[in-house]
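Every chain is named by a letter (A, B, C and D) in the order it is written, and numbering of its residues begins at 1.
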Amino acid sequence: VAGWLDALLDARTRLAAVRERLAAQLGGAAGTLAGFGGRGPEALEAYAAGLGLAEPPLPWHAHRGRVAELAAALQQTAGTAAKIALDVILLAQSEVAEVAEAAGGASSTMPQKQNPAGSAIARACARLASANASLLAGGLEHEHERAAGAWQAEWPALTAALAYMGGAVAAVRGVLDGLRVDEERMRRNLDAAGGAVLAERLVFLLTPRIGREQALRSVRDALASPAGLRDALLADPAAGLEPEELDEALDPATAMGAATALVDRALARHRGGDAR
Amino acid sequence: VAGWLDALLDARTRLAAVRERLAAQLGGAAGTLAGFGGRGPEALEAYAAGLGLAEPPLPWHAHRGRVAELAAALQQTAGTAAKIALDVILLAQSEVAEVAEAAGGASSTMPQKQNPAGSAIARACARLASANASLLAGGLEHEHERAAGAWQAEWPALTAALAYMGGAVAAVRGVLDGLRVDEERMRRNLDAAGGAVLAERLVFLLTPRIGREQALRSVRDALASPAGLRDALLADPAAGLEPEELDEALDPATAMGAATALVDRALARHRGGDAR
Amino acid sequence: VAGWLDALLDARTRLAAVRERLAAQLGGAAGTLAGFGGRGPEALEAYAAGLGLAEPPLPWHAHRGRVAELAAALQQTAGTAAKIALDVILLAQSEVAEVAEAAGGASSTMPQKQNPAGSAIARACARLASANASLLAGGLEHEHERAAGAWQAEWPALTAALAYMGGAVAAVRGVLDGLRVDEERMRRNLDAAGGAVLAERLVFLLTPRIGREQALRSVRDALASPAGLRDALLADPAAGLEPEELDEALDPATAMGAATALVDRALARHRGGDAR
Amino acid sequence: VAGWLDALLDARTRLAAVRERLAAQLGGAAGTLAGFGGRGPEALEAYAAGLGLAEPPLPWHAHRGRVAELAAALQQTAGTAAKIALDVILLAQSEVAEVAEAAGGASSTMPQKQNPAGSAIARACARLASANASLLAGGLEHEHERAAGAWQAEWPALTAALAYMGGAVAAVRGVLDGLRVDEERMRRNLDAAGGAVLAERLVFLLTPRIGREQALRSVRDALASPAGLRDALLADPAAGLEPEELDEALDPATAMGAATALVDRALARHRGGDAR
C-alpha cells in the first residue's frame, strides 16, 4: 500500500509539472500574430495571463508536443489507478480474499458474490483514457502547419482522456476509502504456504556456513519433505541449525526487512507535500 | 524553422526532467530490502549513487510509472524529429521544391530524383521508437508484484525505443546540417498564389471601413476576377482603396507580423540555455 | 481448456484466410507496370505465381491494407497465446496452484519456486508482437504514393511481429505439452469455497418455488451462516428443501451443465479440421 | 483512383468476412450453459438464430478474438478512408491544386480558401476509430474468465469504433461524390516537371544501347542542362537518339503502361461484385 501511495504521488508530481508547462496557443493564420499589428507579442502575453497558462516562446499550433506531454501524464495517472485497481481485484478473488471493496457490486445470480465493482470501473476508465491518450501521443508527426483532420481528432480524444482519467482516479479513491482488509486471512495464506515465503531468508542464513549450492539443496529438500520445513531442516545434518535460530528465521514477524522504514518514507513524502 | 528549434528545445527539456527523476530500483524478493539485514536503506542510497541515478523513496518494481515516463519522453522526442522530417519531405516534393536534402538518396531508376533519404530514416526510426514506447506506456496495469512476461517485454522495447529515438534525432541532425533552401522558389510559389496568402490581411484592412461581410465579398470576388487581385480590388467601388495602401498591403515583405521577434525569442531560448 | 483450443482454432482460421489473400506487389515507379512494355499484367501474373502469392487486381504499394490485415492476424494469434499464458500464470500462483509448468524456471534465491517461465516468455513475445503489429495497423493513412519513412518502418516491424508471434505460440506449445494439472487441488479449492460456486444453481432451483427475491435471500443467508450452507438451507423453512435434492444440487459433479457436450464440439472442430 | 476503389473493395470484403464469423455469446455464469438444464446447446442455437449471428462452437466470453477481429476490420476500413482523404487533402493544397472538394469549408478569415472539410472529417473520424479499435485489439490478454474492467472498457470502445468508422466512410463518400478534378492543372504540373517524370522511361530506352551506367548519366545531365531535357539529349552523342523516338518517349500520353488495363480490372471487380 505504501507502493500505491508512492506511485500516486509520482503521478501527481507529473501532472503538476505538465500543468506548469501548459502554454497558451495564439498565432493567427500564419502563426506570426500578424492580425495584431505591431502588438502581437503583447497580445500573446495578455492572452496567456488571462487563461492562467504559461506564455510560450512561439505559437505552437504545428508542434503538438505539449498536447502529447499532457496526454502522457494522463495516461500514466490512469495507469497508476489501474494498477491499484488490479491489485485489489486479484487480492479480492475467492482463493486469496485478503481484501474486499466495501461497496462491491452484487452479482445478479450469485448471491454470495461481491464483485470489485469500483476497481472494475477504475480499470475500464483507465483503458479508455489510455486509448485516447495514445491518439494524442501519436499526433506529433503531422503534415505542414496544421494537418487537416489531425487537429480535429485531438478535441474529442483530449476530452475523453481527461474525463476517463478523472473517472479512473475517482473510482480508485472510492475503492480505497472503504477497502476492507482481512488480516486473519493474510496470515492464513502465509501459513498455508508452509514457510515457503521465508525460503529466501533461510538460504541467506545458510549460505555463509555451507555454501550457496548446499543451502539451496537443503532448503529445497526440506520444503518438499513430508515432515514439514521446520522438522526436515532440523534433521538435516548438512544444515546444522539450532532450533532457536530456525524458529526466529521462520517467524514472518521478524522478516519485514526495511518495510517499516520504507512505509515511513512514503508517509513522509505524502505529509511533507514532497513532490519529488 | 524557429518552430522546429522551439519544439526541439521542448523535447530536450522533457528528456532532462525525466533524466533527473530516473531512480534506481533495488528491493529484493519482496521489495523490503530484507536481504541487506538492517542496512537496506543505506544499501539503496549507495546503489543509487553508484549508478548516478536518483534514490527512490521506495523500491518501485511493481510500479512502472518511471519507465512509462521515460518512454513518453522518448516518444515525444522521436515525434518532434518526425514532424521536422515530414516538413522537409513535403517541402521537398517536386511541386513545392522549397528545400532539398544535401545528401539525398539517389533513386535506382529515376536519375533526376533526390529522395529525402535522411528524413525518411528519421521518420521510420520515429515510428519504431513510438511503437516500442507505446508498449512501455501501457505497462503500468500489471498484476501483483511483478507480472510474469510484462517485465521481460520491457527490456527489448526499452532498448529499441532508446535506439530508434537516437536514430531519429541523429538523422534529423544530418538533414538540417546540410539543408538546401531555395529562396527563389519560395518567392515564386508565393507569387503563383496570386496574392491569396495576403487575403486575410486585406480583409482585416477593409473590415473597419466597410464591414466584415462586404470585406470578405470584395476580396473573394477580386481573387476570382480575371483582372487579377490588385486591379480588381482597385476597380471595386465598395472597397474604396488607394493604389498606395493596396500596394503596401500586397507586399509580402511587409506582412511578417511578429515573425522576426518570434524568431529572436526562439534563438534567445536556445542561446540562453533556457530549458523552459 | 476447450476454450483455449477453440480460440487457437479461431486464430489458425484467421491466419489461413489472410495467407490466402496475401497478394504479390509489383508496379514499377508509377504503379502502372510501364517498365514491362505491353506485358505488364502478364509479368504481374507470373511474378505472383512464382512467389506463391495471390495475383492482385492492381499494384497496391500505396494501399497498405494487406499489411495491416496480416498484422492484425498476427496480433490476434499472439493475443490468444498470451491469454492462455496468463491463465496458466494465475492458475499456477501459490494461492491457487491448480496447474504448474513442467519445466518452470528456477528462481535464483527462492528454492521452492518454479516460475512459469514458458508462459512469461509467451506473454512477453505477445506484447512485442502486438506493439509491432500496431505500427503496421496504423500505416494505412500515409501521404501520396509512397510515404517516405512509413514504408521503411514497416520492414523491421513486420519482421518483429512475425518473429515474436512465432515465439509466443512456440512458448505456449511448450507450456501446454508438459502442463501438470493438480486435480486434487482443484477439488480442494472448490470445497474451500463452501458451496459458493453452486449458489447460482441453488437460486435457479428455488426461484420457481419461492420467487427470485426470497431465493436470493435464503441462499445468501445460508452462505453467511456459521452452520454452513447445507445445514443452514435445510433449516430454512422458506427454502423448504429435502435433503436428497439439496445434496444433489450441492454435488459439483452434477453441475457441469453442457460442459461435456461443449468439449466434444471443440474436439470435433479440431479433429475435423473445421476451420470455421 | 482505381487504387482507391480497389482498397475500398478490400475493406468491404474484410468487413463481410468478419460479419459472417461474428458469433453469438451465451454461456451463463461458468460458461457451461448450466442454467438451461439439459437444453443448453439448443438454447445457444436458437439464441444465435434469433440474433442473426453465427452459432459458436463454444461460449467465448473469455476469448475476445472475435471482438479484436471486428475491431481490426473497422480500423482497416477507417484507415482506407483516411488514406483517400489524405490524398485529396494533399492534392488540393495550393501548390498542387489538382482536385478540390465540391463543398469545402469556408475559412473564417481567408475568403479564397476552400478547406477540404470533408476529408478532414474523414481523417479525424478514422483516427478516433483507430484509437478505439486499438483498445479492443489489445483486449485478448486478460485474466481469468472475465477480467474485471476489461470487459466494461470494450463497450464504449466498440460503440465509438463503429460510429467513427461509419463517420469516416460517410465523409469520404461525400468527398468523392462531388470531387472536382482539374485536368488542366494536372497537365501543367506535369509540364512544369520538365520531363522529369519520364526520366525512368528514357533510362529504360537507352540502357540496352549504351549500358545502364551511361544511360543514367546522360539523362541526369540532360535534366540539369539549361538547354532543356529534349534538346540536351538530342545533342548528347553518347545517347544517340533520333528526334522521332525521343518525342515519342517524351509524350506522357504514350507513357501509361498498363494503367488502362488496371483500371478495367478494378472496375470489373467492382461491377462483378467480386469480393476477392
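Throughout what follows, contacts are C-beta pairs under 8 Å (C-beta built on N, C-alpha and C of every residue); 3 or more make two chains touch, one makes a residue touch a chain.
Because the structure is predicted, anything quoted here is derived from the model rather than measured.
Go through A-D and A-C and name the pair with more C-beta contacts between its chains.
A-D
Based on CA centres, what chain would you say lies at the far end from chain C?
B
Report the inter-centroid distance (CA atoms only) between chain A and chain C in whole Å.
26
Any idea how many Å lie between the Cα centroids of chain A and chain D?
39
Quick check on chain A: which residues sit in contact with 2+ other chains?
29, 35, 82, 86, 90, 109-110, 123, 126-127, 130, 134, 138, 143-144, 200, 204
Under the stated contact criterion, what part of chain A meets chain B in this complex?
2-3, 6-7, 10-11, 14, 17, 21, 28-36, 38, 40-41, 54, 56-60, 62-66, 68-69, 72, 75-76, 79-80, 82-83, 86-87, 90, 123, 126-127, 130, 134, 137-144, 197, 200-201, 204, 255-259, 261-262, 265-266, 269, 276
State the interface residues of chain C toward chain A in the complex, per the touch definition above.
90, 94-96, 109-113, 138, 143, 189, 192-193, 196, 199-200, 203-204, 216-217, 219-220, 223
If you look only at chain D, which of its residues touch chain A in the complex?
29, 35, 82, 85-86, 89-90, 93, 109-110, 115-116, 119-128, 130-132, 134-135, 143-144, 147-153, 156-157
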